[in-house]
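Below, chain A partners chain B and then partners chain C, in two separate complexes.
Moving on, here comes the complex of A and B:
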């Protein structure tokens, strides 16, 4: 499975959404169910899935679906 | 006035929120008087709460003017809210403006982004002592309410302010916990009663705006549940520059010893203080407090009773080294009157009479410090929120009448046992949506039948084996 598919699956599972809504508008501020509980869950699932350990600053400024991809690229995950 | 708000400096900032509203103590008194001029009858008012100035000022006015608010979260599921409405027939609603369309009612007043709606329900008799209502299990919209009496909130506010030694001129309390949650409400009341400032924050701890807001506004005292501290550890709270933040309090559940030590050590090394506390809705929030000087010596302890309160153990059993174990009980002026299961119960008199048995099993060490070690009742604390297992089963059975359910779990996860494999994938989204609790809090197990003994009682021990304990 390619990394984008894995990344999307984690979002769909944790935030209980359909893959079709994952775009530039899918942000921490705009999605009501993306609260602190969901965010912590998302972070730990992404860490497990991609075998990375996020810096605290990246967790706090994760921000959006798209920005998350940029962050993961910095940790060496290829998209 | 309620919490002596009219005795404080009129020009001093009382409430500030992250939507941009600011109220001095003078503004607070004025708004309470505007509410008073409406001459509302003594009746039940549903407040759909958010952490903002409008939500807070409504509650304060209703307390002051002797209406009886029921504080609910604004995010409460619509079906659960209308169930509560049909049971308790509130004459008014106090709601955020954007919710005014959803709720049928005539708009009679508005302030700071909130509106007062008059419903079609007539007021009905309420006990003279009854001051406020909270749910026992907020996210499941449990119809079982805690009946507060006049003096409960005030006494706990004053005694908690005393034990924390709040400094009225400097203190800026941070209300990050929901105001409809007893511990959040106590953060508010204990700061306002001494004339300090309260920051009402909607942004959550994972949002950079939260940290920016409390830094810019010089927040000095924070209170979190165990989950708040887990989040704070992950976002690198210990590396943030928050020079004004002085008090880190914890309540609403048990921290792991490791986490307790982490916070206590951080506080000690950074010139701050860590205060472990313990409370319940039935005691208008707090009963116990651990002296921050002793945090690293008494790891995991809830400390001793707050001033004017008394902790004791029921059915005591003596252990090693002078320890005693038993169910934790409490006496004090903040003990509420009892529960309500329907609106007739709102006429009931004081049933607790100043004494509450918590259902938590505690150990008292030889020095008199208390430690929570277990629980008697059928409820969990998920993300610091009390969630009734019976109530969750009721919601599931209402939705799926032909399926047998049983719920168990610990303060990390709820285990839901079901007898219909076809439902496996829809249970978690359903119950997560109903309770507003994230789906990571639930696990589903499909089994042939719920194990019961000859009397029909669930054999929980067998379920725990299945859950892999």
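Moving on, here comes the complex of A and C:
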């Protein structure tokens, strides 16, 4: 499975959404179910899926679907 | 840096009590739906909590923990020179619940009693305070008690925290013991006091209305309900807390290998997992209790001790402890305790009936 598919699957599973809504508008502020508890699950599952350990700043600023891809790239995950 | 050292004072026993009323997270499914409750459990690790009965107070839970402790350790109570009760849920506005607890436990007039108003950092702060008082005197025993009933302060419709808090009490007996050295690192940041706050009922705003309003997290509350800024508290937990532990290890010139247990405030499993990974801690040396007891505030550290080691004997724990939360307030310390002196958690329905004062009868 390619990394984008894995990445999307985590978002769909944790936030219970269809892949079709994952775009530049999918942000912490805009998505009601992406609350602080869901954020913990999301970060935790992404860390497990990609075997990375996010720095505190990255966890705190992981505010959107697209920004998350850029953060993961810095940890060596290729998209 | 607020660093404190104590010598020659050890832990003679640890006991904890929780209410008999077990509340599974699943029981909230009828209120919030299955998706919310299952995501709450996967995000926090909490599957159930224990909730105090309406009549049960924090001091009741502290007293029951103390009575459990004294059922295992036979001491002359006249040799307890100081008792500290850590709680943010007092029986009355005045006097402090420490006075009521002194009465109920039969502690002597020569025992100094006081309350410490702290939450999740309360065990670390309370332990250091008790040890400092003992260091300044010659009495034989000190008693650190803790009690909390935060479940009573939560809006039942607040899905962010109503499933998170659990109620509990703890009792820790301190004694003089040669060779025990304790170092505590304590920090506070009042600039973040609004991160966890319950405004009503204090003397800034004693009797405001009960109208509900929208909070910054999109959840409606009244001024009588606990508010937690999840993002701010989360930021604190994954930034300031690991920094304090790192500073502590540097300050004490110790490493992870110098400890055989790491007892963290049971806020949520993600934060603990982050600490494990960042500090490269052995998983099997970081016990968890929050899955069955929830977030019990400052009691979560002694509660985790009793949960993990209450039925073990013959082990000598050299533990690093870290409490962090409301204030904001946080602290790191080391403790040494034999598992023979850590007792299993008891459940209780008891409460102090005489404590309900009747108009015209006092």
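Everything below uses one rule, namely that the second predicted complex is superposed on the first by the 79 of 79 C-alpha atoms of A that agree within 3 Å, B and C clash if a C-alpha of one lies under 4 Å from a C-alpha of the other, contacts with A are read in each partner's own complex, and residues count from 1 in each chain.
Criterion: a residue touches a chain if its C-beta (ideal position, glycine included) is under 8 Å from a C-beta of that chain, and two chains touch if they have at least 3 such contacts.
This one's a predicted model, so the numbers in the text were calculated from it and none came from an experiment.
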Touching partner for A:37 - first (chain B), second (chain C), both, neither: both
Which superposed partner A:69 touches (first chain B, second chain C, both, neither): neither
Partner chain(s) touched by A:53 [first = chain B, second = chain C, both, neither]: second
First (chain B), second (chain C), both or neither touched by A:16: both
Partner chain in contact with A:61 - chain B first, chain C second, else both or neither: first
On chain A, the residue positions that both chain B and chain C contact, one per complex: 14, 16, 35-41, 43, 56, 59-60
Touching residues on chain C, where the partner in the complex is chain A: 35, 39-40, 42-44, 160, 217-218, 230-231, 234-235, 238-239, 242, 268, 270, 273, 277-278
Sites on chain B touched by chain A in the complex: 204-208, 211, 227, 230-231, 234-236, 239, 383, 429, 432, 437-441
Residue ranges of chain A in contact with chain B within the complex: 14, 16, 28-29, 33, 35-41, 43, 55-57, 59-61
Contacting residues of chain A [partner chain C, same complex]: 14, 16, 32, 35-41, 43-44, 53, 56, 59-60
